[in-house]
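Scrolling down, you'll hit the structures one after another.
Note that subunit A is present in both complexes that follow, paired respectively with subunit B and with subunit C.
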Partner chain A sequence: MFSIPVFLDSFYPLFLAARYTLLISVLGIALGLVIGTLICAARLSPYGPLRRFAAVWVSFLRGVPLLVQLLVFFYTLPVIGIDVPAIVAAVVTVGICASAYISEIWRGAIAALPRGQTEAAIAIGMGPRDVWTRVILPQAFTMSLPALINELILLVKASSLVSVVGIMEVTRASQAQAATTFRPLEVYIAAACIYLLINLCLAALGRYLEHRTAV
Partner chain B sequence: MQAASVDIRKVNKFYGPFHALKDIDLAIQPGKVTCLIGPSGSGKSTLLRCINFLEEYDSGEIRIDGEMIGYDAPGRRMPGRKLRGMRRAIGMVFQQFNLWPHMTARENVAEGLIRVRGMSRAEAGERAAEALEKVGLGDKMANHPSRLSGGQQQRVAIARAIAMEPRVMLFDEPTSALDPELVGEVLNVMKALATEGMTMVVVTHEMGFAAHVADQVAFMEKGELVGVDSPARILHEPEDARIQAFLRTYHERNSF
Partner chain C sequence: MDFSIFLQYGPALLKGFGITVLCWLAGTVFGMTLGLVVALIQRYGPRWLGWIIQAYIEIIRGTPFLVQLFVLYYGGPLVGLRLDALPAGILGLTVYGSPYFAEIFRSGFRAVPHGQIEAARAIGMAELAIVRRILLPLGLVSSLPALVNFSIILTKETVILSIITVPELMYQVGRMSAETFRYLETNLVLALFFWLLVEAISRVGRRLEARITKHLVEERT
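Right, the complex of A and B next:
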């Protein structure tokens, strides 16, 4: 039988674990934004080797599952003598993985801007810096917002994978909880509720931001 | 005779093997309106866009008030900063308006004044308001482009260009994207500019505008400048068979 008290009791430890889920997703997307922007800039640069490096970066990270990336990264670090806490390794891996998708989101948004937008700026005598910061990026950002929120939601879900490297985020915590209580059904449904709650909040945030930036 | 505002000499332009502009010679006198007409694909936009070097030309010279644009010497590109300096003096209005959708009408006009002419926000705002008043949009300054009709958007685009106080204005089919009932308001603003003595180069399919406002009409076909003359000579008594054929199709299409 489904036990309501067990179900409710499992929320507290899972809420604590949700801090890690959020930490990894939010720091992951922040890092992904920084690296992704650089990769996108490299992809659009006039310098050939830089463009090729960025293209390889993107296709490699999009072609290998995050779980495999995590395991490779996690077991490579000690071999090359880098000793960092598992959580740092997890954030970095998630961030690097996200950078590939984010750079493609940027690139798509920039490519979707009509050429006339930059031509109007150039015709007035604006230099490349102003054209980018005043005309291209603000519009690309607004256009990308739905895709970026979507990416964040994917990361929240993907963060369950870092349980394999021993971090007590929601999925790992629910496994532990299920093992001690012998009530997997209640515990995993509680975990599902927590993921759903986080992602519904993010989706609402996304709609709010979209609404605010809409012109 | 005065020195030309825009002096185009022996200009050639290729897109790969395609010869888009063939030995174009055209002088545009200060304070005069030149209309560029001709069939689709004849190179009108290409020529116009070479004048502010949005498109590079491959040989020949284009001089703005005596100074060659794009090149320091034939074949040697000028530095970006110098080119941008020259572009400040050349306003351009596009068929698709190309207003920046994330800025209000006023911000669209003020942006160039702030970024390019280095004005303070307050001063640029003042100037933008004046320019918008001038095109009859004093009451729409706070609207974003999406809240303006096509005709209003194009007038904002004209205000954006004239606020920079250019010496020459280029128009590429400024009314072609407009519903017929909105064409008049834009042409009226352009006429007013012409009356004030603005030097203008206008690519247009509005033969009425060419007939009544232009000081000279240039006809292009297949990358060649076939004829340049007064509107009366080009539009009413053309000698060249190609111009006659073009006008015949124009009249057939516009009569019912």
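Right, the complex of A and C next:
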């Protein structure tokens, strides 16, 4: 039967492991933002080859399951002579995967911006750089904040897959805990509770931002 | 790099692919059905049931699929739910997909113009007939793009089933790499395979969508 003490006891080690889950997700989205912005810029650029590269990048990363991407990355790195700790490889993979989704979020936000904004900026004599940094990007960022929080929630859930390459985040820690206590039901439900807690907090943050930035 | 091992492992890979397709089809069909039932209960059921369903949606959407599978497959036997890997995987996909499908149906139903339902009531249609002849046909058409989209997402989720030893494609590829030590080639080919598969399904999906929603587009122009 379901044992409450076992359930409560499994929280402490899982909370410690949650630091890694958060670390991977937050660094992953940060890296994803950087690469995603570049990819989005490539996608909107006037150069055909750059645009095609960005399109292939997005389509590949969105078409291949993250678990497969993780394994490809893990086995490719040693072959091309790069030796990094597993956690770095995990963050990079998660970030690259997120970049595809983030570049689409950006693209959607930029496309949703009324054309009049750009036209007005040009009309008052702004150069292309000012139009982008002072008119388009600030508004696109505010508009895409809720979608970015949503992406962060997806990453928190996706970070559970990193457990297969041996990083002690919540899922891996719960596997270890289940193996030592022989109580998988309680331990895995505790792990689910931790993910739920993180994601409910993030969802609340997303709603707050959406409310604050609503015009 | 040596790709001849793929010939040698051909039958196993083919079998794995069959199981991937089976899991995906079963998971999508059952998940969609469960999602539709959930959405209808949310719309017509009593309020307390709606709250329970809302909690269920939040829980499933707020936790990783892998952890859900662990609870079901490794935790299940403790409460008497003893399932083999394959049925557990299909059940897991069904449960995982249902709240997403339910939300899609819910917004599809909301997109049905209220005047249509009022008109049906005014000409004396029974509530059940309204659901069957007005709400479902109109709601399903408007939720089609999102349904296709989520079904494509589910194809990618099937690889996670390999972690609980469902013998699908990724599991077979894992076995092949472990036996031949060719982790790089096998996983690269798997990645390319999934890319082509997802691209192909999205194209078919878009065509299907365009065909079914053709009358809507023409109306607008």
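Keep this in mind: the second predicted complex is superposed on the first by the 215 of 215 C-alpha atoms of A that agree within 3 Å, B and C clash if a C-alpha of one lies under 4 Å from a C-alpha of the other, contacts with A are read in each partner's own complex, and residues count from 1 in each chain.
To be clear about the criterion, a contact is a pair of C-beta atoms (placed from the backbone, for glycine too) under 8 Å apart; a residue touches a chain by one contact, two chains touch by 3 or more.
Worth saying up front: this structure is predicted, and the values here are computed from it rather than measured.
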Superposition on subunit A - do subunit B and subunit C clash or fit: fit
Spatial angle subunit C-subunit A-subunit B, Cα centroids [nearest 10 degrees]: 100
First (subunit B), second (subunit C), both or neither touched by A:A178: second
Which of subunit B and subunit C A:S45 touches, first, second, both or neither: neither
Contacts of A:L161 with subunit B and subunit C, given as first, second, both or neither: second
Subunit B versus subunit C as contact partner of A:I189, first or second or both or neither: second
Greater subunit A contact set [subunit C / subunit B]: C
Minimum distance between Cα atoms of subunit B and subunit C in the superposition (Å): 18
Complex interface listing, subunit A residues touching subunit C: 1-2, 59-60, 62-69, 71-72, 75-76, 79, 153, 156-161, 163-164, 170-171, 174-175, 178, 183-186, 188-189, 191-192, 195-196, 199-200, 203
Parts of subunit C lying in touch with subunit A, wherever the complex brings them together: 58-59, 62-68, 70-71, 74-76, 78-79, 156-157, 159-160, 162-163, 170, 183-184, 187-188, 190-191, 194-199
Complex contacts: residues of subunit B adjacent to subunit A: 52, 54, 80-81, 84-85, 87-88, 90-92, 94, 96, 98-102, 111-112, 115-116, 144-146, 157, 160-161, 164
In the complex with subunit B, residue positions of subunit A that touch it: 114, 116-117, 119-128, 130, 134-135, 138-139, 142, 215
